[in-house]
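Going in written order, the chains are labelled A, B, C, D, E and F, and every chain counts its residues from 1.
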């Protein structure tokens, strides 16, 4: 069957950003997302999850341009002050229209 | 070390499909899977997780042909009536035989 | 915006290995990780999670050479005796330095 | 008289918690219970109900039980048909959606059951101990009948329906299994041997039910938007069907020789709509049915109606009839 | 006298559990409670506190309440300023970090509140029922004042601060919402109607608080490393500010006509530092503030100090002043 | 006499819950408790046991304690050797698998401990308060001895074994830590000061144990398939070893001057097999050992055997010997 390429953007962030990030995603053109919680540690040293509770892990399948926009947005607004990590990868989906 | 390419198929679906989807995966040739729960929202509007509980998120590493078969199967049996999203991506594994 | 390629290594393992695996990752050069829990089944037949509790699922973004080293390390030390599955995929990140 | 019963019910901790949670959620306050607590509480409630029923059965003699049991089976067969016919005729809904919704009204809501027990407890009205046994019966029969209706239709159409699977989904599902396990343990151990576990399963019951209803309130409130979309016909029927089925339940209860308490409970069960077992079964058996309709009706309208004003009404019916 | 009160407090189950958990964690023992239990326990504690306060308000007449209420608002305005000024002057911290920390000392710690209640309960000292109402007020006012300070400064700098959002974060946040929901339910239902839920919300309270403090101990212990980094100035202030604010609280309480118990509670609230509502609000409103400073001060130093030795001190102050 | 004790035990809520859960799971019913409840319950049980033991130690004087303590250490050394030798000789298993399984029989099952306490409670048989202290000792010694056996062998073979790590895994692991933390808190606070937390840690104990055993039943039932594979030799030994070790425990208990209750408990501990601490340690120290063997033996055969029929047998032994 024919599949189409889309971008899967995964964001791991401290939970206090939950509402904000989900709003941002919608505005940047994501049509949906999946969210779960995760723990972890990184270079930020101090782990906010100790008092904020577990991090959130967001996955959203989007068009390439939206993926670009999301990463750029994260860099501009969150990377400097918050515990946020994000990555994008190419995936194949069966119903591309659902994510446009 | 030498790695071999396989397909990682990720399925996010409403929890009521749990038993069915896992049976389907086995029959379609998946040798194993990992399953966790997730929340989310999409174009389906109404979120079944409100009363069904969190969605399930299934990951299964399979051969390319099996990945194709899984996506095709999902499109045919579930996409129209259920809250299901799935994507496939290429990953590298160390023990390909384990997934054949 | 410019993104750089890195490797996302995902490890699913029985929970008893938690402390060990996280130590190994640090020593092999991972600068951070995200960890959550998952259930699943595979070819190992008997599912250790019945009495050990859910598996752990570790994600770590690393340089290509570190990814190689991690997979090699897992094959050598864990694959034969423990319930461990791992895969690597190429992802794009905005702040490559964070993962070096 | 009725109004005072409504106020008493409204000011009881569980119902009050439900109403407060609905209001808070409507003003966008975050009062959801932590994930993981909801399944724990529902597991607890089902087990506790089962144990209570099992203890009751241990004391009761078969003579008292068979008539209410028969009445429950009959109700399980009639109530979904009442729902189905009114949804088709008055609700102008298709066969599938009508059958889907009917399955919810044929089945029962265990939480509504616990609320009516708490209400009667507070009112000082005694209840037969074995009523939880009827709950298990009613939960199943109604779903089966409603799915059979859809099944028959689909067969005629040549459409495929996996209702065998749906049935086993119900029978092996946690809600039925926990209820029956509780019944079995309670029946085998009997009241004395269960005293050590009473602090958990009896003493904490009202408190944990209150906690649970906070979560129910947030869930129900999220359905309000859908209620608007669902249209006035469905909303009206989601209020009318419980009253009709409640009356049938009250009649059946009094005929079966239940006291005022037991009759009130049977009426409430008949009036209640399932929002756990039924949706899961229907989702499998009738995937094309619109969840927006059956969840909105059962969870968004009938459930709040029953626990806030319905229960006192069924109590009044029971007193009138026995 | 004071020392014996400290020993009594230290040997109470909740405080002892906290201390043991700290020690175990420091020797790398794994005593963390399972994930998911922490949010369940904090939800429970907030609801239980709210219900208790609501019951108290139901009994109290407005005449007794308005003065303490006023005192709380005044305290909510003064305590963060005390903190801010001392952090700027003595702590030599920047505006942002000072305001961020001040928000924590302006707000309150609900857990510290529950520990002082348990302490007074054990001491046999009666407390006014409506105190939990003051908790809700104090939790908010202090944060607002402190954020306003930062806000004013940032405005001058032309910097952007999303403090409107931060405020709604606090007001709609679970801790305030659960507290207020509990107050509303308790107030509406009143003591008699809540008796069925007392086994859960009253009977289990000390035990679940003890369980909760085990988790708090592990979290506080993880901050110890940070305490070293934070420097002696901040640590000293994290001990001094509570004592000053505690004294202010004791004075305010006695002026407001509270008894020894109520005055002790108000002093403890004034002395306590928030580590749930405040951090979340500050993280949003002042993202450039260093969490390493405000969490270490509130959770790593002030919280342990207050529950182990602070409470008996505030109790002594209260007895001296009333 | 014995048979009636077996029936009494079988009809107690916890054991009944276990049996019902096993049966339900075997007929593919879904009675698993929600994820997250299992770790919460085991945390609770370990803390509650520890607190009980701590209270007991607070009252006991060293004179009564040192003999049972010595007996426990001796048992901790002998029982794994009994297991190891019989598994090698009669079970015809390799060194690694024999040592791995022996570690489980040398260690103890805290849940079996709680079931025997509940059984004696129901029987009205008094027990020494400090027994939970022995539990902590026994849990560790047996594992160490068994791992030492394997260690010695592996050293000879020149094979590598990370048993230091395994040991710290046990000592820092949650089960030991929670137990010891509970003991410390109970010992320091003493009975009076712990009264406020009794509703949680004493009152709810039988109920929460019952809930826990439902989950244990589902887990044990999942091992049934493995039991078939494991072969009759292992199954036979998984029934014989507990009886032998139980007898040794009963003898040791009576020699150590314990009463019938305490002797029954020590016998049960000696007979019980660990399925939490031991598997985790063995998985690390002896990765090549086959979990299918040691989990099946301890969890699939010995655990059900002990709680259903073993305990009354050990009780009979104790009565015969003291």
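Rule of thumb we're sticking to: a residue touches a chain if its C-beta (ideal position, glycine included) is under 8 Å from a C-beta of that chain, and two chains touch if they have at least 3 such contacts.
Note that this is a predicted model, so its numbers are computed, not measured.
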{"item": "Contact-graph distance - origin chain A, target chain F", "value": "2"}
{"item": "Other chains in touch with both chain D and chain F", "value": "E"}
{"item": "Remotest chain, chain B as reference, centres from CA atoms", "value": "E"}
{"item": "Of all other chains, the one whose Cα centre sits farthest from chain D", "value": "C"}
{"item": "Chain B and chain E: spacing of chain centres that average the CA atoms, whole Å", "value": "46"}
{"item": "Whole-Å separation of chain centres (CA-atom averages), chain B against chain F", "value": "40"}
{"item": "Centre-of-Cα separation between chain B and chain A, whole angstrom", "value": "20"}
{"item": "Residues within chain B bordering two or more other chains", "value": "36, 89"}
{"item": "Where chain D touches two or more other chains at once, by residue number", "value": "35-36, 39, 199, 203-204"}
{"item": "Pairwise chain contacts, counting only pairs that touch as defined", "value": "A-B, A-C, A-E, B-C, B-D, C-F, D-E, D-F, E-F"}
{"item": "Chain A residues within the chain C interface of the complex", "value": "10, 12, 36-43, 55, 57, 68, 71-72, 74-75, 79, 85-89"}
{"item": "Touching residues on chain E, where the partner in the complex is chain A", "value": "35, 38-39, 165, 219, 222-223, 226, 275-276, 279-280, 283-284, 287-288, 291-292, 295, 299"}
{"item": "Complex contact set, residues of chain A against chain B", "value": "1, 3, 6, 8, 31-36, 61, 89-95, 98"}
{"item": "Chain E to chain F touching residues, read off their complex", "value": "11-13, 16-17, 20-21, 24, 28-37, 118, 121-122, 199, 203-204, 206-208, 210-211, 214"}
{"item": "Residues of chain F touching chain E in the complex", "value": "36, 39-40, 43-44, 47, 172-174, 177-178, 181, 184-185, 188-190, 193-194, 196-201, 203-204"}
